[in-house]
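Structures for review follow.
Consider the two complexes below, in which chain A is the common component and chain B and chain C are the respective partners.
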Partner chain A sequence: MVTKLEEGGFLRFTPVGTIDPRTLPGQAVEIHGKKKLRGVIGAAPPHLLSAKERKETVPLDKLFIDPGLNEDSVKALVSIGDYVSLEQKPLKLKEGNIISGKALDNRAGVTALVFCAEELNALRHQADVCFVASLQEEVGLRGAMTNAYNLEPDLAIIIDVTHGDGPGLDDRSVFKIGAGPAIAIGPNLHPVLTRRLEEIAKERFLPHQKEPIPGHSGTDAWAFQVSREGIPTALLSIPLRYMHTAVELISLDDLLALSKLISYFAGSLDRLFLEELKNC
Partner chain B sequence: MKEDKISAILLELSAVAGVSGDESEAVKIAARYFQQHTEEVKKIDSAIF
Partner chain C sequence: MLAELSDLRGVSGDEGIVRRLLVEKLDQFQSKTAVDTMGNLLVRKGSKSINPRIMLSAHMDEVGLMVMSIHDSGLLKFKPVGGIDRRVLVAKRVRIGAEGLPGVIGSKPVHLQKEGEQKKPFDEEKLFIDAGFKNRSEAEKNVQIGDYVTFDSSCVELGDGFYRGKAFDDRAGCQILLELLLENNGLVFDAAFTVQEEVGARGAAVAAYTLQPQVALAVETTAAADTPETEKESISTALGAGPAISFMDRTIMVSRDMREGLVEAAETAGVPYQFRRFTGAGTEAGIIALTRDGIKTGVVAVPCRYIHSPHSILQEKDIRATVNLIRAWLERRQ
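Showing the complex of A and B:
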């Protein structure tokens, strides 16, 4: 979000939600002013920094956006509070099986739901299934709160992303890309619902991983679980590398397996299981 | 083929701007895809977002 119009037509900004500031210098952006403008995120060149400054990450307050316009044009088109988004176009890697781009957290989840809806059309299912693409998860699960209250579902399965593997990362904290979605386990999640998802994954030979989360999951599951008198909630996550950067990376195999898992689960739902959820 | 279809949806969704408070472009794309498979598509939280 734009916080200040600087002399010379430069813009200062602040993040909305969380973004990795180490990745921002050199990025192309889109400024959502009176009309859409392009810009680049600039910083002082290394030649003009002290030896100490060169070794450090450039702090957010030292970064600026350069729309390449003069000050008067910027003042006419951009206001404090205007939003700015990264302009990175998505990339297909590994013959299209791996996708990298911005906002895969959590547009990958929305894509999984679309495919799940398509799969369910080919399956017989008794339950009514609502697909929700909620907003503002990154700034406090706010879309999830209103949706959970409005829909009042018998149960909820949240789709999010989790940290994918990569060099230098502790393998206890990350999940292998391409080895299936992570099924979360912990106090934020309903044990019977979670167990059922695991059983279905095994029965259907769907690749999956287990993700222990001892507290706040940092996902919409946190809001759904305590909506109204409580909603049995599960969490499935797509392993994703480089979270909150413009080059987030996922495997389509994981996305597909997650969609299928939810489809088979929804197809298997009956009144007996819902009673079991209520009574445990 | 499924992978092609999924990647097409994901690429389209990821390409548009996303800013908190205005996801309208992505919402329109998602609604178009959901429309093909679901009985009803509605926006239930327009009062506050």
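Showing the complex of A and C:
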């Protein structure tokens, strides 16, 4: 978010959500001012850098956006408080079913919901299914809080992303890309509901992985679980590499398997299962 | 035209695609065009014999990366070709090899980092390109060791005559030479579109030897730091202030009469100019000046912010002013 207009037409900014400042120098951005502007987060050229500077991170408060406009134009078009997003169109990579882009966390999840809704058109299901595209998750699960209260569901399945594998990462908390959605297990998640999802994945031969989460899941599931008198909640996640950068990467196969899994689960729901949920 | 040139993928040692476009544009010079063994494109304009002979040079190559090895996981290790600050590579998209396969340079997600980890930049040897291959054999089907890698970004106009793109250094120079060649100005000069400037001005040495000029002008793109966090005394050059004339850089001491000749040309033609307030970093002027028994050489450069990163920014009017300055300079010499 824009915090200051500097002399020369440059902008200072503050992050909305968590961003590693090391991913920002040289990053293209879109400034959502009176009209959409493009810019770049400035990076000093190597020619002008001292050896010491190269060994340091440029902290967020020293970074700036260059909209590449005269100062007068910037003043006319940009105000403090304007949002700025990373600029990167999604793209399919050569092999497999891999795509890369910004905001796959969690537009990938929203996409899975859309697929699921389409699939449910062709499936017989007794339960009413509500789809929620929630907001303000990145600043503290706020949209989920009011939604869970408002909809008062009998159970909830949260769809999000989890960390994909990569060198140098702790293998306790990363999951293989393309090996199926991760079904979360732990105090945040309802054991009976979670077990049912796993059973359905097995019955339908859908690839899946188990994601143990010892506490806060960092997802909307945390808010849903304790809404009103408590909501049985499960969490399904698409493994995603390089989270919160412009080059997030997922396998579409995982996304599709995830949406199938929710569809089959929704199709299998009946009153009896709601009783079973109480036996935990 | 600038967009077309800047979007071409031509890292040092792999400039063929840039040269082919230039050859196409310079079709009318067919009989006066030569390509040497290193890949420099040499073009002679005008048939009159003038003394001294003049050479203008601009380099076709851009900085990039090279694939060094393929990991079992299918990830690619790389090294920079030319000077790149590794810190601008993190979380950027790249294009690999002749076909331009997309890939990304990822980084450890912020959620999995330990306290204080962000204070230190990522180690260059721990960065890798992820093109989504599931293992080494899938990667080997698509990528070869030694493949060139470029930034993946396209040139766009931002407004007010500002442009953003990846390889203005030195496709802006290529465009200036191209314009001076194509316009009907009656001037006589040799143009050298050179290779491998970013790895040590390799091409210019050979081009200058072949063309044997008495006077040479390197037409470059130079760092502008008229940005926040830079003290006013250290801004090197500023956008919109016209071409930058050099006193010296790491490779050359520009002779006084060369420098003054450029200033006089600018003043006569009413073209804005600035001096390059920075004496580090090199250009091909240095090696040209030392060719054969020595060549009197100067440097004129278009100011450009964030060079050697995926997105540099320049202003069109500085290119225009540079064309006008060089034209005026040539006119005064013939």
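Criterion: the second predicted complex is superposed on the first by the 271 of 280 C-alpha atoms of A that agree within 3 Å, B and C clash if a C-alpha of one lies under 4 Å from a C-alpha of the other, contacts with A are read in each partner's own complex, and residues count from 1 in each chain.
Please note the rule applied: contacts are C-beta pairs under 8 Å (C-beta built on N, C-alpha and C of every residue); 3 or more make two chains touch, one makes a residue touch a chain.
Bear in mind the structure is a predicted one, so any value in this text is a computation, not a measurement.
A simple residue count on chain A separates chain B from chain C, and the partner touching more is C. Of the two partner chains, chain B and chain C are each touched by A:96. By the document's definition of touching, neither partner reaches A:222: not chain B, not chain C. Once the two complexes are overlaid on the shared chain, A:107 sits against chain B while remaining clear of chain C.
Once the two complexes are laid over each other on the shared chain, residue contacts for A:64 go to chain C alone; chain B is not touched. Of the two partner chains placed around the shared chain by superposition, neither chain B nor chain C is touched by A:175. In the superposed model, A:13 lies in contact with neither chain B nor chain C. In the superposition on chain A, contact of A:138 is made with chain B only, not with chain C.
In the overlay built on the shared chain, the residue A:264 is in contact with neither chain B nor chain C.
Taken together, the two complexes place residues 96 of chain A in contact with chain B and also with chain C. By the touch criterion given at the top, residues 2-7, 9-11, 13-15, 17-23, 26-27, 30, 33-34, 36-38, 44-45, 48-49 of chain B touch chain A in their complex.
Interface residues of chain C, counted against chain A in their complex, comprise 71, 73, 75, 83-93, 101-113, 118-122, 126, 128, 130-134, 138, 141-142, 153, 156, 158-160, 162-164, 223, 225-230, 234, 236, 278, 280-281, 305-311, 313. Partner chain C is touched in their complex by these residues of chain A: 6, 8, 10, 12, 18-28, 37-40, 42-49, 54-58, 62, 64, 66-70, 73, 88, 91, 93-96, 98, 100, 163, 166-170, 173-174, 178, 218, 241-247, 249. Of all residues in chain A, those touching chain B in their complex are 16-17, 30, 32, 83-85, 89-90, 92, 96-97, 99, 101-104, 107-108, 110-111, 113-115, 117-118, 120-121, 131, 133-136, 138-139, 142-143, 146-147, 150-151, 252, 255-256.
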